[in-house]
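Next, two complexes with chain A in common: one pairs it with chain B, the other with chain C.
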Partner chain A sequence: MNTFLQKLDSVDRRVIFLIIAVVVILPLIFPLGLPVEPTQTTIDAFDAIKAIPPGAKVLMSFDYGPSTKPEIHPMSIAVLRHLFHKGHPVIVMCLWPDGLFMAKEALDQVALEEYKLTYGRDFVNLGYRPGNEAIIKGITQSFEANFTMDAMGTLIRELPIMKDVENIDDVSFIINMSAGFPGAVEWIQYAADPHKIPMTSGNTSIQVNEVLPYVKSGQMQGIIAGMPAAAEYEALIRRAGMTDEMGEATSSMDAQSIAHLVIVLFIVLGNISYFVKRKQEKKY
Partner chain B sequence: MEHSILGAWVAAFLTLAIFSYLYNDNPFYKFAEHVYIGVSAAYWGSIAFWNQIVPNMFGRLWPHVEDPSTLEGFNVIWYKLYNIFHFISGNIFPENGVYANHDQNLTYIIPFILGIFMLLRLIPSIGWLARWSLAYVVGLAAGLRMYGFMSSNVLSQIYGTILPLHGEAGLSFWQNTGLILNNLVIIVGTLSALYYFFFSMEHKGIFSGISRIGIYFLMVSFGASFGFAVMGRISLLIGRFNDLITYSSGGYGYATLVLLLIMVATLFILSRQDPEKNTDQ
Partner chain C sequence: MLLKRYIPLAIVFLVGSVTLISWFIPHRPFGSLEIHSTQWFDIIASFAMILGALNLLKLQGTKIVQRRKGWLYSVAAVSGFFLTLVFAFLMKGGHYVVISEVGSNSAEVYQAIGDQLNLPFGVVAGQYESLSENGKTIPKYFYTERGARAFESDLNSLGAMTAHQEVAWGGHLQGSGTYFHWLFSYVFTPLSATMFALLAFFVASASYRAFKIRNVEATVLLVAGVILMIGRVPLGHFLTSWFPSWLQWLHLPNLQEWIYQYPNVAGARAIMIGIALGLVGTSLRVILGIEKSFMGEK
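On to the complex of A and B.
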């Protein structure tokens, strides 16, 4: 037994990669249907969106790209379903260049295919503008100065949804789908905090520790943290009767849970192996 | 449909090529890496140019005029200069100015010049001019961040840790106990972790204890960060595997399986040809 544990220390890393690949692929092909129970931060985000006054305009920024799509895109889909189900006009913009395509894909699926909404009246995609936090600071003064035209090349002053929207003070809620910089932190610093506009965000797992203090201090209303929280949000809108669809994040959660269990097992075995080896070395 | 099949083959190939690095550094990985860097840089550059520089800078320096004969004064010469640009590239500089619905604003000549200065780094003899542009960027970023950081990260976060250590009216004994404990953990954690970074006094005696408590809180924080990082990476892996599984169906010509077999066979042949290179792996 001791020899086996000592040998664990020198296992080829490719064996570990292979095991992780197998434990991720198998539940994707043969789903187990493990339950998804919403956590408090996800419920807070859901409740904050639920509490937006009827008909109020919402600003949603798609600040992620294909590299983080598996984590954030399911959240975007679920949040858009929630917003459109409640009948909120949604103004979409992007601070990441490839966020433009993420936004287009999500809006095509939810706004056009599922809810049959009208572009320019029920929602608009303002597109991408380079400038990071300077753009956020800019729209606190004027949308038109920063986004003269939307992503389709239409002057934004000609769009019904942008009527009466001069700057960020004319939106009731900010939702940021963030994968890094610029993202949730910049939206808090330059828009939500100084203008006292309620805000929530969907984040990659790796960002959660950085953003969570803003949730605890009340600067942000809940957080959708990584793929598990995306699955939780999908469960919440399903329970509220807004959709029957399982959602992409929910169907991936079995693989996520099993992979975590195996990684924990590796860490435990690695530590046992380390201690056994150290004990043997002390002995001789 | 043909486009989506071609896209599936390209996506499956590039994904498998990147994953192949887990086995060993190899030509497939190098090819995918170079394609990724090239495409990213070109995409970012092109989007920034057409979305920002053309409408927001050229569109303000030379806004579209319906009838050039109405131009007067300085603008007559200014638009003659534009006509030279139009002659060089009618695509970037369309006839009679850039249509972006902006009024003319000649102050934008400053960022135009600073932008040109930035590119002068490529000419070593006058590369020092790029420092002016960098100084502007650094100054702007520092000024912009100062307020946001002080307000949201310092003041609001300090305010967020000023928490009551007594119960709240209307809550049960157990609810109050939980609340008090939670607030106590936040206060002790914040103060002790901050004290760990206080180096003006030697960490001895009771201060050593406070510092040690701070380390424990920091370790818990690092552990949480590691956990979240693992969770994020597994999520991304799931995303790629979901696509690979989709592309392995007959509808996509079994793209994943065919490409996987070809890559495995090629890597096997390459490892046979140069076994010494692989011994250290």
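On to the complex of A and C.
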């Protein structure tokens, strides 16, 4: 028994990879249907969006790419559903070059297919501009100086949604979907906080540590933290009757739950093996 | 000396001071100077992309020419770079057909459109029954002109009036059926997602080997990590939801939320404040010309 436990420490990593692959794939094929209970930070983000005055314009920045798409894209979809359900005009922009494609995909799905909205009137995609936080700083003075044209090549002054939108002070709420730099922190530091515009964000789990102090200080209204919070947001809009769809994050939660459990089991086994080994070493 | 040392130092001092002052005095002339300097930054950032591309070519090109270890990966990197360049600036794709009149064989035309769009006959008939003066775009995008022309001639042979069009330059970066979009959706996206997904396997393997209870600090870290991992997902709620109300503080989602919001935020704040103070010091050293490493000096 002791030899077996000692050997556990030197198990081939390919065995671990295989186990992880199996425990991720199986719940995706055979869902367990574990209940999703929203946490307070997600509820705060939901309530903040719910409290935006009717018809107010919202700025949404897509600052993530394909690598973090499975984690953040479901949040973008859920938040867009919430905004369009409430009838808010949404101005979309990107500080990441590949965010442009993420934005297009989300808008095509929610704005065009689900809500049959009109481009340029109900929503606009301003596209990507290089410059990171300098772009945020730039739009606090003027949108047109930084985005002369939208992503489709139309002059933004010709778009009905951009009428009366000179700078960031003309939007009522900022939503940032980010996976790193530039992202939520830069939006708070250069736009939301200095201009006193309420803001929330959706982030990868790994980024939450960096953003959470701004939530606790009240500079940000809640946070959608990682894929579990995306599932929670999906549950909230479902409960509010805004959609019947389960959502991608919810359907991935079983796989993530089991994967986390297996990783914890690995840690426990690794420690048992470590203690048995240490005991043996002390003995001799 | 003047060009290489004093003028760059003077520029850094001037721009740094103006940006700093404009934060506290956002009025003329500082406010407008700040707008201009951020726009200059945008322009320089765009040029930095060109420099980045040239640097990539130089590094990877040298590796290929000198046949260094892993030079085949460099061939893949350089090929990917040029392929993206070609699809962005030379080859566009995104051909489509606009229908202005359905003609007398409307049922067959609807059927042909439905076959291309994978839509049932009734849906297509509803969408294309009444057409505006400018016609209606059939949202089936072809990579080649030949593909769009073939579809167009099918519709023409059924009596429909159509016109061939292409997605505009610029719009092709986002438009469906363009080569650039294909490259992004079917090469870049799966490759990026794969790289990120591999992390799950490495995390599992690493935590198995490295997450050991060696001392008190490691034990605290491990316990907090386990609570977060289980408490953050629905399984945590499922496992401890039966706890009576007086034990709710031990409910795993509540415990993880507490760890997240208090000890974690305290640590994160300490790090952030430390970094901020360091930044203030470094920025002042750069503005005052004490720190000159940005000019290549020690």
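Basically, the second predicted complex is superposed on the first by the 284 of 284 C-alpha atoms of A that agree within 3 Å, B and C clash if a C-alpha of one lies under 4 Å from a C-alpha of the other, contacts with A are read in each partner's own complex, and residues count from 1 in each chain.
Here is the rule we go by: contacts are C-beta pairs under 8 Å (C-beta built on N, C-alpha and C of every residue); 3 or more make two chains touch, one makes a residue touch a chain.
Small disclaimer: the values here were computed from a predicted structure and weren't measured.
Student: Contacts for A:131 in the overlay, against chain B (first) and chain C (second): which applies, first, second, both or neither?
Tutor: In the superposition, A:131 touches chain B and chain C alike.
Student: Kindly classify A:269 by the partners it touches after superposition: chain B alone (first), chain C alone (second), both, or neither?
Tutor: After superposition on chain A, A:269 lies in contact with chain C alone.
Student: Using the superposition on chain A described above, determine whether A:109 touches chain B (first), chain C (second), both, or neither.
Tutor: It touches nothing on chain B or chain C.
Student: Just checking: does A:152 make contact with chain B only, chain C only, both, or neither of them? Give me first, second, both or neither.
Tutor: second
Student: Counting residues of chain A in contact, which comes out ahead: chain B or chain C?
Tutor: Comparing chain B with chain C, the partner touching more chain A residues is C.
Student: For A:172, using the defined touch cut-off, is the partner it touches chain B, chain C, both, or neither? Pick first, second, both or neither.
Tutor: Once the two structures are laid over each other on A, A:172 reaches no partner at all.
Student: Tell me which partner A:243 touches in the superposition: chain B (first), chain C (second), both or neither.
Tutor: A:243: touches no partner chain.
Student: A:209 contacts which: chain B (first), chain C (second), both, neither?
Tutor: So A:209 meets both chain B and chain C here.
Student: Of the two partner chains, chain B (first) and chain C (second), which one does A:256 touch, if any: first, second, both, or neither?
Tutor: After superposition on chain A, A:256 lies in contact with both partners, chain B and chain C.
Student: Residues on chain A in contact with chain B in one complex and with chain C in the other?
Tutor: 17, 20-21, 24, 67-70, 98, 100, 129-131, 134, 137, 205, 208-209, 213, 216, 225-226, 228, 256, 259-260, 263
Student: Chain A touches which residues of chain B in the complex?
Tutor: Result: residues 22-23, 43-44, 47-48, 51-52, 55-56, 59, 100-102, 140, 144-145, 147-149, 151-153, 156-157, 159-161, 186, 221, 224-225, 228-232, 234-242, 245 of chain B touch chain A.
Student: Which of the residues in chain A come into contact with chain B in the complex?
Tutor: 14, 17, 20-21, 24-25, 28-29, 67-71, 97-98, 100, 127-131, 133-134, 137, 148-149, 155, 185-186, 188-190, 193-194, 204-206, 208-209, 213-214, 216-219, 225-228, 248, 252, 255-256, 259-260, 263
Student: Report the residues of chain A in contact with chain C in the complex, numbered from low to high.
Tutor: Chain A reaches chain C through residues 9, 11, 13, 16-17, 19-21, 24, 34-37, 39-41, 65-70, 98, 100-101, 104, 125, 129-132, 134-135, 137-138, 141-142, 145-146, 151-153, 205, 208-210, 212-213, 216, 225-226, 228, 231, 253-254, 256-264, 266-267, 269-271, 274-275.
Student: Would you pull the chain C residues touching chain A in the complex into a rising list?
Tutor: Within the complex, chain C contacts chain A at residues 34-35, 38-39, 41-42, 45-46, 48-49, 168, 170-171, 173-174, 181, 184-185, 188-190, 192-193, 195-197, 200-201, 203-205, 207-209, 211-213, 222, 225-226, 229-230, 232-235, 237-238, 241, 253, 257, 260-261, 264-265, 267-269, 272.
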